[in-house]
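This is the structure, below, for whatever I ask next.
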Amino acid sequence: MEYVIEMLNIRKVFGNFVANDNITLQLKKGEIHALLGENGAGKSTLMNVLFGLYQPDGGEIRVKGQTVKISNPNVANDLGIGMVHQHFMLVDTFTVTENIILGSEPTKLGKIDIKRAEQEVRELSERYGLAVDPTAKIADISVGMQQRVEILKTLYRGADILIFDEPTAVLTPQEIQELIQIMKALVREGKSIILITHKLKEIMEVCDRVTVIRRGKGIGTLNVADTNPNELAALMVGREVHFKTEKREATPGKDVLEIKDLVVKDARGVTVVNHLDLTVRAGEIVGIAGVDGNGQSELIEAITGLIKAESGSIKLNGKEILNLPPRKITEAGVGHIPQDRHKHGLVLDFPIGENIVLQTYYQEPYSKNGILNFKNIYDKARQLIKEFDVRTPDEYTKARALSGGNQQKAIIGREVDRNPDLLIAAQPTRGLDVGAIEFIHKRLIEQRDQGKAVLLVSFELDEIMNVSDRIAVIYEGKIVAIVDPKEITEQELGLLMAGSKRKEAGVSS
Amino acid sequence: GCGQKDENNAGGNKDTFSVAMVTDVGGVDDKSFNQSAWEGLQKFGEDNGMKKGKGGYDYLQSQSDADYTTNLNKLVRSDFDLIYGIGFLMADAIGEIAEQKPKAQFAIVDSVVEKPNVASITFKEHEGSFLVGVVAGLTTKTNKIGFVGGMEIPLIEKFESGFRAGVKAVNPKATVEVQYAGAFDQADKGKAIASSMYASGIDVIYHAAGATGNGVFSEAKDLKTKDPNRELWVIGVDKDQAPEGVVKVGGKEYNVTLTSMVKRVDVAVYDVAKKTKDGQFPGGKVIEYGLPENGVGIAPTQDNIKPEVLKAVDEWKEKIIKGEVKVPKTRDEYKEFEATLK
Amino acid sequence: MSSGRLTNFLIPLLAVLLGVIVGSIVMVISGYDPIAGYSALLYGAFGDSYYIGETIRQMTPYILAGLAVAFAFRTGLFNIGVEGQLIVGWLAAVWVGVAFELPKFIHLPLAILAAAAAGALWALIPGFLKARFKVHEVIVTIMMNYIALHATNAIIRSVLSDKGYKSEEIHESASLRSEFLQSITDYSTLHYGIIIALLAAVIMWFLLEKTTKGYELRAVGFNQHASHYAGMNVSNNIVLAMVISGAFAGVAGAMEGLGTFANISVKAGFTGVGFDGIAVALLGGNNAFGIILSALLFGALKVGALEMPSSAGVPTELVDIVIALIIFFVASSYLIRLLLTRVKKEGK
Amino acid sequence: MGVFEILQIIIPSAIFFAAPLIFTALGGVFSERSGVVNIGLEGLMVIGAFTGVVFNLTFAEQFGELTPWLALLVAMIVGAVFSLLHAVASISFRADQVVSGVAINFLAIGLSLFLVKKMYGKGQTDQIQIGFDKIDIPVLSDIPIIGPLLFENGYIPSYIAIALAFVVWYVIFKTPFGLRLRSVGEHPMAADTMGINVARMRYIAVMLSGALAGIGGAVYATIISRDFSHATISGHGFMALAAMIFGKWHPLGAMGAALFFGFAQSLSIVGQTIPFLKEVPTVYLLIAPYVLTILALTGFIGRADAPKALGTPYIKGKR
């Protein structure tokens, strides 16, 4: 058997914490090998060891049979190992080409030969079907293209072993399909791939084998052909997982959110929400399906008052809230799980406790006459930590120290606890493992069952299909269709999201 | 004689006389009045066989305005018999401590403090400035003369008014361009002002600006280096600033210092110390050091001044000493003075 | 948790110790006697009641300048403009002290409030420009320092005096000075300002840690986006943070104007207190109580240093070196942490 | 006085005011582009000025006309070495970079004055005897109008400063070194994954800033003050820092801002002699440079985008 990579009994310790505990992973030439595990299981750590960013505290790495010491990424590069990181490693202010050549720039008389570099990038991108604009600034291109840049970075350095760390978490369904094609093409070219993903469907679709780890320990390696999603999920979490969250039929009540003729422009003055109409009723979950960039973010920011709308009307329980300050909107009964939890959701340097009262600190019982009541604040924090299973040493721990999933749970706890009439959830499960996703979906449905209106925005079709009672398809700033999830297939939905005229079947208003 | 007993010494029944001073932030090597004062004190100490340090002669340097009282107090507490505050900035601090410590004896330089145990030492800077004004007025070829002041305060106004009077007295055609840098320690400003003055045709600049004046010298020397034949001059202040003006061009040595207006703080400090030691502490009095007392005057280095100019200087000096000429010390007095010339 | 607290307390202490040790190495190398040097320093700072009075007097503006810097730090701003705000505060305090004649219980508070208002106003400008135009507060505050210096000098010359270099003395009714304090400290310049400074420290602590406004200010300091999301007015809070910081600085100026000097004179350069405030705040961990301690240390160092040249022949600048070293070591707390963990491990 | 005469007075002094600021601000550009805040520029200038003057005083006999040039060289080296303190603290020991910079400022002035007192037994040095000469640049100074304005009565270091801004621009934006430097300041972890040694790049950048600020200080002391004392460098480093921010962390922008400061400074001094400005109270001229800077920042350029990772120590593996 020919292994291009063998990581044998790898151990990595951070302080007292064992992130990788004797994990073994063997990659065959020409295979796509999945690495599966919960949030914090140690996947990224293991890959960072392979890429030379961390030094292992034990174990052995062999590349093509040779024992190697990968002391830094340069060594990994020389060994033909390339990595596409979970969080993109791109310099926003640089062009695509500059990002790709960084560290191994072609020069002419000491000056970067940018023309030649652009040419090389162009050739490479044509060869592997990775469409990019070599002269575009990273800040100006889509997430999908940024990912292609990441892949090109590894190919530019001649990598034949590629590590993808959660590449699909940030992609739209279309982009995911493109990426899958790209990976298949790479393998055909003789490259080998390690793929980290939480999406079992993707593993089933493209991978040959899968290694599962749990809490830093290796659980085993399976042939994908011999397993199924349920088994994988159980291996990973250590218990049964339900993918399809159980839910009763919705019993919608009065209109809670009524949006009429809403127009929103983005920072550059482009109209991104274009005369949009939408209604969400009490006791239902409306999912907004759409490809990223069709006005979802701006729609939510306009509803929550984070940006100003140009015109139109947004009514909450019949009262106009258009362009009110965010606080007034919050007080009117809107809860918001923001898309970017680090940017909007939390003050990372505050303890969990203080984050729990981010919108309510000025109200009783958290304060009185402008003086904070820390006892009440931390009591509430303790209660929510318990109720929402936030894994943290204590309520005084800084939010920064929590994993993404637990940060998200804290935010959801906070928003739900405020008992809003309308709960807006934007990408609530992005980057989370199946266990955490299940938990969050349950909570959203629970809110619905208590008669709350829930507006869910997600790029995950699965999530939209599973959780929503109605699906509103957004395209170029307009709701182009309202469909019933039970009466439409993912394919049909995908087509609608891509802008094709809505078709006969399964469409109700 | 050394270590002599002095019953009249009001500082206490010690058998030795001791004296100390507090400098402002300039320090005892500021090439200006602090340095001069310290030289006077050192000379006094040596002449009387005293040692540097407690019980002899000493100084303390202040690092900020807030240190004046602390330093003065330190000296009082070390039982010095006479304590100088050097510079007008020290006036408030002296006044305050003099009141708290009526037994201690103080002297203030460049200011007046009306307390029975403070001797105030002032100088007739306007008289000395008048003399260098005469030199400038008779030396200029362009009839354009510059004055660079440190800060626009009454003390410096004395320099300015006396200087302008001196120029006008001997050369009515000459104009004096007056400019203040706003600080005593900003050489860059001094240099920029000098640069603009020389560029506008001024050929003699008198500075009364402390370290800001270094910039004036620096500019003059640079211009001299570039064109050794160009005639441009700086008139120094407080001490003989001839050493500051030395410039070598192609192996030849020039000096851009025309002369300096010296202010003999050393003489005054020595004098008051001696009086005090002899039991004649001039407490509550204002002692003005002018031309007759040799308290102000023209520097000993006079190589660059033409003999006939020197003669004129001597004549004016006589007139001032005799009281035939009253040198203005404010701008208003200068206006009156100017009127009398016409 | 508690071992973390201990570390937080040990770091400044070790930093001071290391600073003092390196300072003595510097003295030995340059041929001075470190024992004599430090003895002189200690004597000059605490040797008798007079020196203690002077040390506390020096500590007073340090506390307030430190609070000003720290308040801004804690709210995500860097206020290098404390120096300028202090100068205008000084001016305002003296102005009120000279211009009015009122009963003490009105006059003194009025003068202090005027100083706070002037400092606040001076800080309002960078705060507003940052909130409204996103202009970097560091450079605006640097510029404002120079403007304060020149403008104050001009006002002293043209308004507070007749072309003189200093104002008149303030009326007794606006003075912080106290014959009692002077008498127990053998005529030091100690004044009642220290009480105000300590009070200010309590106010800062309370405001920041205990009130909803403080919560908002800290939240905005850490994450403007999240604060906006949570319904706080980000711009107003930035301005307010700057204004409060400036008010502390202004009161620091009042300490000089109403206490130490009782007047204001034309300044050739900065007082340095505002810049020293940065060091005070840092060593104090930007914490009100810590600032009191570090102000005491810096006050003692500054006042004690004056004794070094005459008693031990050591230049006063040695103290500046020691202060710089202390700041270095505090800043490099990572190093000290590493050392501490190593010591702990070996201890086990 | 005609406009031309006035300009002929203002511009040369604007340039000599600006030169030390340009050198120092360029140093700041290197450091901050790599992600290390350098508020210690003031202290590094102090060290440069101190070294330049002491070297000049000590070796003028031996080296003659060459002395000031060698003094710049030595000041450059000493500045670079001194800046190592800032580098070690803020890169290796993860110190708050602003704090470490403040410490540099305290240490520089304390140490140099301490040494001056130790070496000369007094608080300031003597005046140096050999400085840079004023020159008219051949050929260029003969160009009508521009020649007399820009190329007469200048100092060679001033022209070097301006030329250096272009060199730095080229290095930062056209060479692999520059690309790597900027990547380290924008996204150090990305740079790390590309095999770039972040710490090494930052060390180099900080030392470059020390070297250039050292030159800046020495140029100031050699051309303008000609001696060294507590007041020699008083706020010039902060002005250079402001110039760098004003210039949006761009070498040419920094140079432009420094020239602008020089111009404003020079105008505030020469203004007192210009007929229509003469009536304006001096204080307005004195504060003009600072007010103009604030207005310019507010009006023309608004927000300046600092390098993204500026001020954050890079810790491997931390997000």
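Order as written gives the chain letters A, B, C and D; numbering starts at 1 within each chain.
Here is the rule we use: a contact is a pair of C-beta atoms (placed from the backbone, for glycine too) under 8 Å apart; a residue touches a chain by one contact, two chains touch by 3 or more.
Only a predicted model underlies this, so the values are computations on that prediction, with no experimental measurement involved.
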Chains in simultaneous contact with chain C and chain D: A, B
Between the pairs B-C and B-D, the one where more C-beta pairs touch: B-D
Gap in Å, rounded to a whole number, between the CA centres of chain B and chain A: 76
Between chain D and chain B, distance of the C-alpha-averaged centres to the nearest whole Å: 35
Distance from chain C to chain A - Cα centre to Cα centre, in angstrom: 47
For chain B, residues contacting two or more additional chains: 25, 61, 152, 182, 185
Contacts with two or more other chains, residues of chain A listed in rising order: none
Overlap residues in chain D, where contacts from two or more other chains coincide: 231, 234, 282, 286
Pairwise chain contacts under the document criterion: A-C, A-D, B-C, B-D, C-D
Of chain D, residues touching chain A in the complex: 170, 174-176, 179-180, 182-183, 186-187, 189-197, 308, 316-317, 319
Of chain D, residues touching chain B in the complex: 1, 5, 8-10, 12-13, 16-17, 120, 122-124, 127, 129-136, 153, 155, 220, 223-227, 229-232, 234, 265-266, 269-270, 272-273, 282, 286
Of chain A, residues touching chain D in the complex: 48, 51, 53-54, 72-74, 77, 83, 85, 87, 89-94, 98-99, 101-105, 107, 110-112, 153
In the complex, chain A residues that touch chain C: 304, 306, 325-331, 336, 338, 343-350, 354, 358-359, 361-362, 367, 370-372, 396
Of all residues in chain D, those that touch chain C in their complex: 39, 85, 88-90, 93-96, 98-100, 102-107, 109-111, 113-114, 117-118, 231, 234-235, 238-239, 241-242, 245-246, 281-283, 286-287, 289-291, 293-294, 297-298, 302-304, 306
